[in-house]
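I have a structure here, written as C-alpha cells, and I will follow up with some questions on it.
In this document, chain identifiers A, B and C correspond to the written order of the chains, with residue numbering beginning at 1 in each.
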Amino acid sequence: MNSLYRWNFAPVLDNLDVLWVGAIGTLRLFVICLVLGFGFGLVVGLGRHAKASWIHLPATAFVEFFRNTPVLVQILWFYYALPILLPFQISPLVAAALGISLNSAAFSAEIYRGGIESIDRGQAEAARALGMTAAQAMRRIVLPQALRRMLPALTNRGIEIFKMTTLASAVAYVELLQQGKLLASLNFNPIETYTVIAVVFFLCLFPLVQATYALERRLGRADA
Amino acid sequence: MHVWNFAPVWANADLLALGLLNTLKVTGAALAFGVPLGLVLALMRLSPRRLLAWPAGAVIEVFRTTPPLVQLFWFFFALPILIHVEMTPYVAAVLTFSIQSAAFFAEVFRGGIVSVERGQWEAARALGMAPPQVMRRVVLPQAVKRMIPAFLERAIELMKTTTLVAIVSYADLLFQTNEVAQKTFRPLEVFTVTALIYFTVIFAASQLVHGLERRLAASGEGMTR
Amino acid sequence: MTTQPLMRVQGLEKNFGDHAVLRGIDLDVMPSDRIAILGASGSGKSTLLRCLNFMERPSAGVVELAGQAIGRAAPGKADPGRRSYDEAELTRVRQRVGMVFQQFNLFPHMTAIGNVMEALRTVRGQREAEARERAQAELARVGLADKAAAYPARLSGGQKQRVAIARALAMDPEVLLFDEPTSALDPELVGEVLRVIRSLAEEGRTMLLVTHEIGFAYHVANRVLFIAEGGIHEQGTPDQVLKHPSEPRTRAFVDRHREFDF
C-alpha cells in the first residue's frame, strides 16, 4: 500500500478570511430562506386549512408541486429558465433564495396545517361560542397552542434549510461550500478543505440538532 | 413575449431518458446499500455495548448534521487521494448516498424498534429466547410494519437528493437537462420539462406511498399472526 | 301576554347530509325560564342546543333573539324556507348567548383568570385592568377566586367546568346554554358544578340545559322538554313530564333513569 497521506491544514487556516466571506453568504441566504419559507408557509398552511376550495385547491397544488420537485432543479430553473421570460437577469442569490424558500414554504405549510388540525376542535368551538370571529379564534386560541406543538418539526425544517444553502454553490453563489471549492482548486488540497467545511457545518448544526431533541423530549412530556 | 418551442426538447428526448434511467440507477443503488446499512447502524446504536453504539451514533450524527453536497464533494474529491483509488462520479454518488440515507434509515429503524413495547421483549425473554432471537422473531416483525411509511418517505427524499450528482458531472436527469439546454439554447423549455418529469415521478411515488399507508392503517398494526 | 319571548324558535330543522336530526321544533323561551332538555342519545337534543347559538346552522326554520329574526330569508326553488346566515351576525349573536360545553374546552395556554378575561379583551375590547377585575369577580362567584392564577392542567374536572361557566358569564349573556355540563365529570365532582348552575337559576338567569341529571332537572327547571326522534315528544312542568308523564315513551325514558331521587 502507498504511503499514508500527510494532512496539512495550514493552507486552509491561512485562508480563513476567504471562508469567512462564505460563511456570511451562507448566513445571509439562510436567514432570507428561513423568513420567507416560514412566513409564506404559514399563509399557505392556513390556505390548506381553509374550507373554501378557491383558496384550498391552489394551496394544495403549490404544496404538492414544491414538495415533490428537487430543490436543485428549482434553483436551476430560476437561474437559467426564468430569465428567458423576464426582461432582467436573476442573480445567484435570488435564484437560490427562490428555490429554497418555495420548497421550505411547501414543507412548512404542511407542518402548520398538521399543527392546527391537531388542536382539538372544542378549542375553536369554545372561542366561537364566546363570540370571537374565526380570525380571532385562530390568532388567540388555536395558533398559539399549535405553534408549541410544531416547534420540533419547524426546527428540523430550519436545519434542513441551513444544509440546503450549499446547493447555491451550483449557481456560484458565494457561500461556504463555494469558497471551499475555490480554496481546494487553488491549493490542491480538497481533503483538508472539504474536511474543514464539513466540520464547520457540523459544529454549527450539532448544537441545534441536540436542542431539537431536547425540545422534542420536553414537549413529549408536557403534552398529556 | 417569449415564444415557447418544445420541439428541440422532444428531439433530445433520448438524452433525457438516459438521464432519468441514471437517476433511477443511482437512487436504486443507494437504497439497496443504504437500507441494510441503516439496519446495521440502528442495531449497533441500540446495542448495550459502547464499542458498537458509540461509533454508530457518531456516523449517524455526522451524516445527518452535514450537508449532503459537502459529503459528496468529500467522497468525490478528497477520498480518492486519501485511499489512492480512482473515483468515478457514480461510485462517489452511490457511496455518499448509501451512507447518508443509511444514517436517516437508522433513525427510522430505531424509532420502529423502540416503539414496540417492553412487554413484548419481556414476554419473549421469559420464554427463554436469546436477544437476537427476540429481535428477529418478535420485535422486528412488529417494528417493520410501523416503519414502512416513514421508510418510503425517506426513499422518496433520496430520489430528490440524488440530483446533487449532476454537480459532479454524473449523467443523471438534471445533468442531461443542462447538456440539452446548452445544446439547444432553450433552457426554459428543457428545464420546465425536466421539472415536470421529476414532479410526475416523485408525485406518483408519494401517492403510492399514501395509498399503502392507508391500507396499512386499515389493516391495523395490532394484528398478530 | 305582554312579555315577549327572549328567544323564539319556529319550525327548526337540521339535516346532516341525508340524516334528519331535527324535524321541526317550535319553542318559546321566556325570560328567567330554566328549560331542561332530556332525551336519549341521538335524539337531537344537543343539536337543538347548538342551533340556538348557531354552532350548527339550521337547515330550515327561524330563530329569533329578543324579537329579531337571525339571518335572512333566501328562498330557493326546492327550498322555500331556506335562510342565509352572515357569519358576522352569528358572531354577534354568540356574544349574547353563552355556552358551556361537556368537555369544558378551556384554553390550556391561559390561566383560569386568563380564560375568563379572554373574551372581554378580544371581543369586547376591554382594557386589561377592567377585564381582570370582572374576571376575578366571576371566578369568585363560582367559588374559585383562589385558583385565578392556575392553569387548567392543574384543575380538577369540576373546577375546570366552573371556570368555563365563569368564562361564559363574563360576557353577560342573555341566555345560557349548557350542553351536558356534568356528563364528563367523575361522580363526586358533579355536585359542585350543579350547585353553581342552581345558584344561577335562583338568580333568575334564562338557561337551557341538556342533561342526564334528571333529579337536578326536576328541582331546578321550570320547564322540561323530552326530545325523541328530532321533535319535542312531550313538554311541561317537571311534575308533568318527570313525575306523571303522559306519553309512554317519556315514561320509559324516566323509568330507565329512575336511580335518581326526586
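Here, contacts are C-beta pairs under 8 Å (C-beta built on N, C-alpha and C of every residue); 3 or more make two chains touch, one makes a residue touch a chain.
As the structure is a computational prediction, the values presented were derived from the model and not from experiment.
> What pattern do the touching chains form: line, ring, star, complete or other?
Here the contact pattern is a line, an open path with two ends.
> Going by C-alpha centres, which chain would you call the most central?
The most central chain here turns out to be A.
> Which chain has its C-alpha centroid farthest away from the centroid of chain B?
Comparing chain centres, C lies farthest from chain B.
> From the C-alpha centre of chain B to that of chain C, how far is it in Å?
Whole-Å distance between the two chain centres: 55.
> Mind checking the centre-to-centre distance between chain A and chain C? Centres are C-alpha means, answer in whole Å.
About 47 Å, centre to centre.
> Between chain A and chain B, tell me the centre distance in angstrom, where each centre is the average of that chain's C-alpha atoms.
Chain centres of chain A and chain B, defined by C-alpha means, are spaced 20 Å apart.
> Got the chain C residues that touch at least 2 other chains?
As it turns out, chain C has no residue touching two or more other chains.
> Quick one: in the complex, what on chain A touches chain C?
Those in contact with chain C are residues 120, 122-123, 125-134, 136, 140-141, 144-145, 148, 224.
> Per the contact definition, I'd like the list of chain C residues that touch chain A in the complex.
The contact residues of chain C facing chain A are 53, 55, 87-88, 91-92, 94-96, 98-99, 101, 103, 105-109, 118-119, 122-123, 153, 164, 167-168, 171.
> State the interface residues of chain B toward chain A in the complex, per the touch definition above.
My answer: residues 2, 61-62, 64-71, 73-74, 77-78, 81-82, 84, 159-161, 163-164, 166-167, 174, 177-178, 181, 187-188, 190-192, 194-195, 198-199, 202-203, 206.
> Name, in rising order, each residue of chain A that touches chain B in their complex.
The touching residues are 1-2, 5, 64-65, 68-74, 76-77, 80-82, 84-85, 159, 163-167, 169-170, 177, 180-181, 184, 190-191, 194-195, 197-198, 201-202, 205-206, 209.
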